Amino acid sequence: MGQIIMLLPLGVPILGTLLITNKKIIKDEYVTKFVAGVLIVNFLLVLNALFGNQMLQIHVLKVNDFLDIYFKIDQMTRVFSLLASVLWILTAFYAFEYMKHEQRTRQFYTFFTMTLAVILGVAYSGNLFTLYAYYELLTLCTLPLVIHTGTEEALASGKKYMIYSFAGASLVILGMMILYSITGTMTFTPRGIFNDIEGYDQNLIRFSYIAMFLGFGVKAALVPFHSWLPNAMVAPTPVSALLHAVAVVKSGVFSLIRITYFIFGASMIKAVDVTKYLIPFVVITVVMGSLLALHQDHLKKRLAYSTISQLGYILLGILMLNPNGLIGAILHMINHAVIKITLFFAVGSISHMTHKKYIHQISGLGKKMPITFICFTIAAVSLVGIPPTNGFVSKWFLGVGALNANNLFYIFILLLSAFFTAGYLFPVSVTAFFVNEKPNLEVQEEATLSDSLEPSPFMLFPIVILTVIIIGLGIFPNAVINFLGGVVADAF
Amino acid sequence: MQNSIKLVPLASIMVLMLSAFILPLLKKKSHVYRLALGMMVFVTVLNLMHVIYIAFNGGYLFDVGHFPAPFGIVLRIGEVESAIGLLFCFVNLMVLWYSYFSLEKEIKENRIGFFHTLDFLLLASLLGIVFTYDIFNGFVFLEVSTLAACGIIVVKDKKANIKAAIKYLILSSLGSGLVLMGIAFVYSISGHLSMSFIHEALVQNADGKHNLILISMILFTVGLGIKGAMFPLHIWLPDAHSSAPSPSSAILSALVIKAPIIFLIKIYYLVYGAQILAGTVVLDLVLFFGILGMIFGSLFARSQKELKRMIAYSSVAQMGYIFFAIGLGNKLGLIMAVYHIIAHAVTKSCLFLSAGSFIEQTGFKTIDEFKGIGKEMPVTLGIFTLSALSMIGIPILPGFISKWNLAMASIESGKILLLVVLIVSSLLNAVYYFPIIINGYFGEDNLVGKVFNSKIRPVRTLLPLIILSVIMVLVGLFSGFIIEFIGRGIYI
Amino acid sequence: MNTLVYILILPLLGAFIGYYIGTKNEMKRDLFNIVLTAIELLLVITLFPAINDQAIEYMVPNVMGTGLHLKVDMLRYAMLFISALAWFLTTMYSTQYLIKKKNRNRYYFFFMLTYAMTIGVFMSENIINLFTFFEGMSLTSYALVIHDEDKYSHEAGKSYLAMAIAGGLVMLFGIFLAFDYTGTLDIEEMGKILPNLGDIKYVIALLIMFGFMIKASVFPLHTWLPKAYTAAPTPSSALLSGILLKTGLFGIIIVLVEMMNYDMPIAVLLYCLGLVNIFLGGILAMMQRNIKRIIAYSSMSQTGFMLMGIGLVGILGKEGGLALSATILYMINHAFFKILLFMGTGIIYMILGELSINKISGFGHKKQKLKAFFLIGVLGLCAFPGFNGFVSKTLLHEAILEAYHLTHHHFFKITEYFFIIGGGLTVAYMLKLFVAIFMEKNSDFYGKYNELVHKRALIPMGILAGLIVFIGVFPNAILTPLIRYAEGIGFDAISHVVIYSSESVIYSMMSLLIGVLIYQLFIQRKLYVKNKTGGAYFNPSLGWFSIETDLFEPVLKMLYKVFSFLFTLIDNWLLFTAKILADGIKSISNVDIVTSIDREFKSVPLGASMMLKGLKSKKDALKNIEAKVKINEALELDLVQGQTSKLKELIVKGHSKMTSISNSIFLFGIVVVFCFLFVYVMG
Amino acid sequence: MQILWNNYMIVGAIFLFGIGFMILLLHNNLIKKIIGMNIMDTSIFLLFVSLGYIKGKEAPIIIEGILHESGYVNPIPTGLMLTGIVVAVSVTAFMLALTIKLYEKYGTIELDEIQQLRGD
């Protein structure tokens, strides 16, 4: 019985999607309420999966030992599913308001809910085959969201997103094939499936790990395959906020953690010594992301490049192969998700209210939209890693992890990139608050300068809650850290 | 009852032959349809029971007319033959059921009877090829199938049809000529025509006649290669498929090019046997043509303008997969060849029928004109997408299963580099299927001026398509059972 | 115990409540702020008896992961006291000063936040908390620096923030290393482990001190100071130079004393940097015309003195007690007279809105009260006997002599002379300032503006002046608790110190004399240009090589350009190659191919055919390419150009031809032959 | 060369097959192609029948009475070739029908002309 309940979080969103599609059952005005209901129910289900501590697992379809859809809950699943469902609800509220002036909202909500089901699938998957199946489905059901606006440019960026994702997926398949031919099993077992180090063909394992790392790296915006992310910014803000800051890229990172610590195992990777091939990619991602963000004048593009650089942090944390590094990576996964989604929401509400997309246009806007910009600044401060906020906590663990791997170069890279992060985030809030030449609000000419342009409570409410979470996680991080202790216990 | 089930293969051929000649006698169109469908349902049910029987009791030899082996014609019925037989009957039933609604739009009124006759003859000869254990008998059935296939191409007498038919007939008769010459050489060595006796003769005195065996093997390969659309010899396929009416192009692509391959496999492993085969390089030749087919088939498909020609070239690519599987030479490879025949038959017929209904409803031919068709015929494009996804290799669907196991087989046979070929070709598949789907469903300018559900076909006409796609998904889901079932009957 | 937490939380809450009240009514908010800072001052004062005998600590569990660990000993208490006093006085002062300025509410909000952060820095024992408050302080003080929102303040704010964050990150690097080697985050425990770590400890010390050095504007990292102080509104620049400068020095003391316990090489380094700061600050201060800039450079040179004091603490080792208390006293005194001077300039700026000496010379001639307070401030700064500056300078001087006796190293003898000359420099630029503003006679300022100088602005200056004189006259009141603290933390007992001894007075007279000499000879002669309307100072140092604009910026810009070019290349290498490939194929496919030449003649229009008769005979010669080329040149007529068709069309036509029946049979033949070859060759 | 000499039958058949193929390949006229195909088929039948031939034995046709069973040539290949001939004839018939249809549609059965016409 427990297992059926375990499957519910996956089933409910899919059921919701099917219901949304036909107009008769869900009339147009009930769509948003229905979506909210589905998401909240799903959140409760994920919560109850959180507290049951026994190892729930279920083979939905086991044909042969390779082709089986196998779901298992462990600490890592809980972390990712909780993060995803919380942020999904907040984005839903934000989207209800934001999508008012967009068209084809029904199609948007269908794929919006379906993506949640797929993300939870990725979180719950117990073996690499299920993970790969959901990973492919993720591309398919996020594609319509990316090309939602339907313009020529959106189609082009959708095409590019597709090409990158499928190339990545085929790399992953390549790696999986070789792995399966060596080991014959692909279920996630703590500390990896290779119990003894020798007895396996070293360079086959090395080749398979590199292939899978780069394959999943495409979704985690690793350097050579990252340029789909800035282009995907053409999507409406809730999409680019949720998907390209949280869901899609994090599923890439989540799967990397899965294969590194639950398939190959840290000891095997150390033995095979494969990280020295991958570190250059990661380092370039970190520095390049933040440096190029300095160039972008378009707000969302700047945040996109910042995502690339922050994901590089997480990958660095994974490749450190020590407990502190892993905690730092997962913590940064959570913190970055929360911070980046706040930044995107703030940028979204700016463009929603004043149709301004460029930094030079938003001078003096801070006085009109104080709450939005305050939250933006707090999130920016946290992303740079200034102590009282949560960004610092994860940078702290990443730093300590780097030291355990006795590699000072990582810390230098982390701090250099933190400096660039300050370089591209603070000017935004400075121009908003402190630059005071007359803001040319041609749109709201008749609106007197004094009245505030704050977005409606639906949009503001998620932003404020997320900022509170940022500060709360920053000041009381211990709760999260010992929650992650469980994950590290599995991995090492 | 126990041994009467063994009559099924011969009975189904006989019944089809007889009803083929009764059909033209009927005057009214509805009588023809009712009789044809009735016969088909009857034969399919027979085969279904036969497969179940085989599943429990395994294969057997059946002497036609109780004449013992060397002289009488013997039918060898194993797991593979019964499965393929069931597949052929089922697909033919679905295609006929589909054509029940749309045939009169493509063919003149009085030709419908002839179409069904030719179709039954074709099916009978295909079943004959699959079941027969005597190579000359196989040759005769081969000839009958060629003429019948030419017939159903020409039944719609337009300029392109006739030209395509002539080209197909000339090339096929060339092929049959080579096959006959091959039979002549094999007969000269062994003095027998029944496969088992030839095999024993070849094994005893194979030493002296080495290059005769080699020549005959090449002749068989090239001869049957033309009929099975091996890559360089596939030129007749695109013209034949694109000009023929959609039901017949579905039959052509799904069944007609499959039977010769089964015959080729039987000749390789039942006549020559694995040892002699391993001694020669013929399998590498087949592998080479398979790889060429996979890559260039997709490349040509990408550059096609018309929808049906594109799908035709995709068949060439998929046949490339089958020849690749045979060329690997190990047991898993052969099993995957048979499995891919089943998967491809179901998927391709689905694709051709949905493409046919597009062309029939909109009257357009080229892919660009099908932009925004998703709005007008959502369900049909949905089915088209599902089968396209299987082609591309989305997990759980059959396409992925066969790609995955092919990779395992190629690793088993030690040729790791072939993985890259597999990956590249599945990527190329995606390249030419996705634009149709994306432009069908999304894109601002694609959907302009398209009325929702305007060109929909009534649901009952779509029923066969829906059943086909459901079966396709089931073939994917229960691939484990199918592979294991085929594995029991494979010839190595 | 929890008074420490109250002291920390009060200004934090006050900031928010003040902002809320501010939106309602300005007057109420000013009153609220003054009352708040007054309470804070009282709370700090009540702490004194407890601190006097031994340090008090308080631990708030698992805030910020590591818990908030607050500790106040005498050193920290001194810092707390001056910041509480300074904030109280500047709040009173700024309520009057800011009337003309806009968005005051935001100003007070960040004003109070900086106050909370500074208190946090002085109180925190855990290095992470120290770092947190330190970073918070730079961010909130940034808002104070760019309060005027004009181009100049933005430029100053940018370099201030950039250096603050860079410093913070380097410090974080040091903290990482310290945590890795010592395993603990408490400064005291670190102090036990770090000293015996081998040469890595110098790397850690320097990295951590880097952040503090920026805030203390030590030599190479001082470039932000003059810009930030002049750009900021006067009360905040007073606090910036009075208190925030001290946080930097406080950090350096913590690292040297508590973490590294008097490590000799670091002490010597600080000592030399102090010297450099003194001279650089002094010379540049002399050159300036803007009075705020003069005082800014003067704080840089005073920091030099304090750095020398800290260095001496390290050098003297066990006997460093006196040097430590001298440095702390110097920091207290410097806070008082620096804030006083800034308040003075604030009043001038408030009234005239102008800061350059040439424009405001003679303003203060008739303003008796302002003149008196300003004079006390100047004398305090110049270490005139009887004022607090004299006390701390003589103590420092004693420490240098003691260091000389201890090490018998001539280096200290020379640095003692530099010490005196440095004092002289201070006197020189202070004279320049005072004489120009208060001594010059300037008719158009007679009697005017007296009523504008309000009581609320003058009271704080009066209190400060009183304190300066009090410490000057009764130094032991402050000195004895400091000395007891120094003995408390392990220095040797300090014999009774005589301040007003004869040779100390002689030394201060000597530096005064040098100052006057420099003023007469250099400033009057060189910098003062006589022209018909009277004199005007000019500032030669504008053209000088300034580290920031000539060294840091060009290097950083170049690096930035190189790397961004490299990364943009990496960024779209995939698109780049794809585009090149696509263009390549496209260009190949539509290269023009001249098809057969003979057809061309058939299509020649009739008129031209007569002309071509003669050429017909050569028709068959045209088959080869060379002939064709020659014939083209020969035919200057506008002959119909050879029927050209794109290669692409050729391929498509070829393809359709290729799939015709006869060609497919041909292909079949080729494949059969190929198969035979393949099998036999490979077989 | 000795092998070629003593199974001249196969060589002849292959040679005839080559001629048929060349006709099929080079002539544009459809009828000539059909003739070429027939020649190829007959060459194969010749090869097949020649396999059954035993020197000095007669064809298995009953003229007077049945000779001793060893007197006859191996009958199986000849029997098989009956079917082969039937197949070849039906293919030729079908081809000729298609040629007529082609003529109706294109007005010519010269394949290169059809090629140009079809250039649409």
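Letters are used for the chains, namely A, B, C and D, taken in the order the chains are written, and counting of residues starts over at 1 for each.
In this section, contacts are C-beta pairs under 8 Å (C-beta built on N, C-alpha and C of every residue); 3 or more make two chains touch, one makes a residue touch a chain.
As the structure is a prediction and not an experimental result, all values here were calculated from the model.
**Student:** Common contacts of chain A and chain C?
**Tutor:** Intersection of chain A and chain C contact lists gives B.
**Student:** Averaging the CA atoms per chain, pick out the one whose centre lands closest to the mean of every protein CA shown.
**Tutor:** Answer for the innermost chain: A.
**Student:** Identify the chain pair with more contacting C-beta pairs: C-D or B-C.
**Tutor:** Answer to which pair has more contacts is B-C.
**Student:** Using the average of all C-alpha atoms in each chain as its centre, how far is it in Å between chain A and chain D?
**Tutor:** Chain centres of chain A and chain D, defined by C-alpha means, are spaced 71 Å apart.
**Student:** Counting only Cα atoms for the centres, state how far chain C is from chain D in Å.
**Tutor:** 98
**Student:** Could you grab the centroid distance between chain B and chain C? Build each centroid from C-alpha atoms only and quote it in angstrom.
**Tutor:** Centre separation, chain B to chain C: 76 Å.
**Student:** Per the centroid of Cα atoms for each chain, what is the distance between chain B and chain D, given in Å?
**Tutor:** 29
**Student:** Indicate the residues of chain A shared as contacts by at least two other chains.
**Tutor:** None at all.
**Student:** Could you list which residues of chain C touch at least two other chains?
**Tutor:** Only 661, 665 qualify.
**Student:** Please output the residue numbers of chain B that touch at least 2 other chains, ranges allowed.
**Tutor:** 163, 166, 170, 174
**Student:** Output every touching chain pair, sorted by label.
**Tutor:** Pairs of chains that touch one another: A-B, A-C, B-C, B-D, C-D.
**Student:** Which residues of chain B touch chain C once you look at their complex with the stated criterion?
**Tutor:** For this pair, the touching residues of chain B are 163, 166-167, 170-171, 174, 178, 214-215, 217-218, 221-222, 226, 232-233, 235-236, 238-239, 280-282, 284-285, 288.
**Student:** Could you please specify the touching residues of chain B with respect to chain D in the complex?
**Tutor:** 136, 140, 143, 146-147, 150, 154, 157, 159, 162-163, 165-166, 169-170, 173-174, 176-177, 180-181, 183-184, 187-188, 193
**Student:** Per the contact definition, I'd like the list of chain C residues that touch chain B in the complex.
**Tutor:** Interface residues on chain C, with respect to chain B: 659, 661, 664-665, 667-668, 671-672, 675-676, 678-680, 682-683.
**Student:** How about chain B: which of its residues touch chain A in the complex?
**Tutor:** The contact residues of chain B facing chain A are 389, 392-396, 401, 403-404, 407-408, 411-412, 416, 419-420, 423, 426-427, 430, 434, 438, 441-445, 447, 477-481, 483-484.
**Student:** Would you pull the chain C residues touching chain A in the complex into a rising list?
**Tutor:** Chain C reaches chain A through residues 62-65, 128, 131-132, 135-136, 139, 143, 146, 149, 154, 157, 161-162, 165-166, 168-170, 172-173, 176-177, 179-180, 560, 563-564, 567-568, 570-575.
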